[in-house]
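Here's a structure for you.
We call the chains A, B, C and D, going by the order they appear; numbering starts again at 1 in every chain.
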Amino acid sequence: MIKVGVLGAKGKMGAQTCLAVEGADGLELVARLDQGDELDELTKAGAQVVVDFTRPEVVMGNLEWCIERGIHAVVGTTGFDDERLATLRGQLEASPGTGVLIAPNFSIGAVLMMQFAAQAAPYYESVEIIELHHPDKVDAPSGTARRTAELIGAARREADSAPIPDATTTELEGARGAEVDGIRVHGIRLQGLVAHQEVMFGRTGEVFTIRHDSMNRESFMGGVILGIRQIGDTPGLTVGLEHFLDLG
Amino acid sequence: MIKVGVLGAKGKMGAQTCLAVEGADGLELVARLDQGDELDELTKAGAQVVVDFTRPEVVMGNLEWCIERGIHAVVGTTGFDDERLATLRGQLEASPGTGVLIAPNFSIGAVLMMQFAAQAAPYYESVEIIELHHPDKVDAPSGTARRTAELIGAARREADSAPIPDATTTELEGARGAEVDGIRVHGIRLQGLVAHQEVMFGRTGEVFTIRHDSMNRESFMGGVILGIRQIGDTPGLTVGLEHFLDLG
Amino acid sequence: MIKVGVLGAKGKMGAQTCLAVEGADGLELVARLDQGDELDELTKAGAQVVVDFTRPEVVMGNLEWCIERGIHAVVGTTGFDDERLATLRGQLEASPGTGVLIAPNFSIGAVLMMQFAAQAAPYYESVEIIELHHPDKVDAPSGTARRTAELIGAARREADSAPIPDATTTELEGARGAEVDGIRVHGIRLQGLVAHQEVMFGRTGEVFTIRHDSMNRESFMGGVILGIRQIGDTPGLTVGLEHFLDLG
Amino acid sequence: MIKVGVLGAKGKMGAQTCLAVEGADGLELVARLDQGDELDELTKAGAQVVVDFTRPEVVMGNLEWCIERGIHAVVGTTGFDDERLATLRGQLEASPGTGVLIAPNFSIGAVLMMQFAAQAAPYYESVEIIELHHPDKVDAPSGTARRTAELIGAARREADSAPIPDATTTELEGARGAEVDGIRVHGIRLQGLVAHQEVMFGRTGEVFTIRHDSMNRESFMGGVILGIRQIGDTPGLTVGLEHFLDLG
């Protein structure tokens, strides 16, 4: 039984995490903390792994506290830059055996999509990304689409791929989408949609497509639970859930 | 047996039409003419219906000649404006019983897609168009996508539809596609694709999609054959293959 | 303002209907009744239209009561056969001006899909249906898929369509799906899905697809609201929401 | 420049291979042989790599001849069982430095689809396969769909996955498809289609889909060319194109 504490337990993701931990085999929810609660409750409850869905202003303090006590952490809070990651690495060196996972995206499907897309990229002449979301989304393209484009762009550069063919000479402004790292990205906004993405690859005579449909926040819980289960065996700092997936 | 003559028989569409006529039940190919041939061959061969895939410079002369002789015409040649259509209407009044079909698109699937999209439009809050083509295409969006957007825009205006919801405030240029008559249109270009279009409609809790995949020029022949079979029973001028489809 | 009463207001669909009526322009929810409540409350509240999501055992009594009082009814309750419909027609003759809509499916998208599929059927050689649902569904194929197949089958018979081509000689049992009225139907069951259906048509060189994705019960409310708005102007018995859609 | 000879050069795949070799950078087509031609022409022409698209009855003799002379081979001919593979391994031991690739499927997209599907399988509760082909296909499901199902089945067993959820109790015969190694497989046959496959994975709140569309025989040439380029650096016997793809 792995004893789990949740920080930011009253937030949307934190609350969902509490539900998911309670429903998962081999995990026990021993502490749910939010603003105003004392971190000491984690040690009192014997938490071995902490899940942090708090805010950029407090997450570094939370993690320092956990690392000093040998409590592993699975972190969905945003705002990590190189400096913060370096700080964490330093703290973890002083606490060997403790593991911290920083994951910008806990959706296993989104992570698989990005990994597979990067692997497939060198074998195709063309690639474009279509992301489809509900109309309340304020940014276009989505962060996942941008990240996917960057990974594909890097894979194509490494493979020394030829430029993507495109004979367009007459374009109504915007028709060919936005360009991220040389990759065309199209954002669809439609009532009734939730969060979806399609990566299309093409070469003469064939098209290869990877698609991910995320219906709700529950879809992130698979990745959170996977992180909790594996972080105890993964000392040091890990950035990105993909390192916990066995994609050999 | 309907006796059919083809004008522009050596062009890509004309040649395909000859093949299709030869393979169709109840049709007989009696004349295949191209540049330099005499129209008289049509009457000598007893052509009842002529298919014209020629050029804007010669099509009006061809049609006048046919109408005067009571030969029906199915026309895929481009370049018809209101003036040309008015001219044809005048000529057809003087030759009652003769029919001319001017069709900018002979693909039955494309015509169904446009008709159904216009019919569905009033029942949905959101709609966007994605067209996907081979990378040798020079214009974006495609003519079919523009026309579909115009038909949807008109249907929405007639139904007094509310504005399409879209909360986008941060957009990488082009991410949300081009706008045609208030409808967002996205053009994908990918090696391996031919000609495809998807119209997506959405309202709370549901998405409705119409998709058309055209693999090759053969896909236009269904509409040409349908036109040949029906034009004899449809005197006067008809613009658009949709009028020959029974979509009641 | 149309005054609306809901019968079966505590059931899933009834409760959803109450929410939808409250949120709709021009409608006022004046009565919500369930088992044990008196129908008299409808007249006391001045209900002009009643929505019935009750049970086959009580719906006929409810409707008789409403028709006698000139209250229009929109009915989602199941279990109507020819005998029941004949009974209702008789009652409605005695109450001219009163309208009753019996709708087996209130999803506008599902109704559009079925109507368009029947209209497209005569123009294609091949057609198959794929329905995709969550794995808790107990029947395969879905009722909507069966109904779609029957409509397509009827349209093909009326158009005297040639048999669907299929050269399969070696089949692993079930690989080619079930057959409903001559149409192949395939049922996919997948965790993460809700309720989806795709109708694919094909002819040489082109494929035409109609797809409907229903994410939740809210997707039925568009049809219920449409029914409430139009039933007052549609005296007599109407079976099927399609008659309230303008698909001319 | 790699000098390439083609065996079975008059067959469909062989002819396509000749075209592809002639169009590929760094490859030179030096011999095209078919029934009745002497294998000696390969050595006379200096062939370094041979592509074999012949028949099961002659391929073993061709390969023995090539291996003895240190000519590498890329083989698309079918009919290899364990005994034949053992024979080849024995012959290759006696000719160190020589490489033979036996590939049942040269489509890079199909190989990627199978590899990614096997990798994704352990992370999802549900999985089903839909393969879609032209109606002239005689077997259902397709060989690729069967192979994909076997790979997924094996990956699920290795990961000790729970049984796939399915509450179906009422099934019209065939509605839930065929079962291959515990995986449901559905075969669609439609005029207008070529060769397509979709693998759908699902877990609570998300669906992950991998799709491959193959439009024509050209789509296999990417894999053949890749094989020719790499076989010289891959001594011994390799079974399956996936070993030549960098999917680390």
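Criterion: a residue touches a chain if its C-beta (ideal position, glycine included) is under 8 Å from a C-beta of that chain, and two chains touch if they have at least 3 such contacts.
Since the model is a prediction, treat every value here as computed from it, not as a measurement.
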item: Touching both chain A and chain B (chains); value: C, D
item: Centroid-based (C-alpha) most distant chain relative to chain C; value: D
item: Centre-to-centre distance between chain D and chain A (centres being mean Cα positions), rounded to whole Å; value: 34
item: Chain A and chain C: spacing of chain centres that average the CA atoms, whole Å; value: 40
item: Chain C and chain D, separation of their C-alpha mean positions in angstrom; value: 46
item: Residues within chain A bordering two or more other chains; value: 192, 201, 203-207, 213, 215, 219
item: Chain-level touch network, classified as line, ring, star, complete or other; value: complete
item: In the complex with chain D, residue positions of chain B that touch it; value: 192, 194, 213, 215, 219
item: Chain A residues touching chain D - in the complex, by the definition given at the top; value: 107-109, 112-113, 116, 119-120, 122-123, 201, 203-219, 221-222, 245-248
item: Touching residues on chain C, where the partner in the complex is chain D; value: 124-128, 130, 132, 135-141, 146, 164-180, 184-193, 200-207
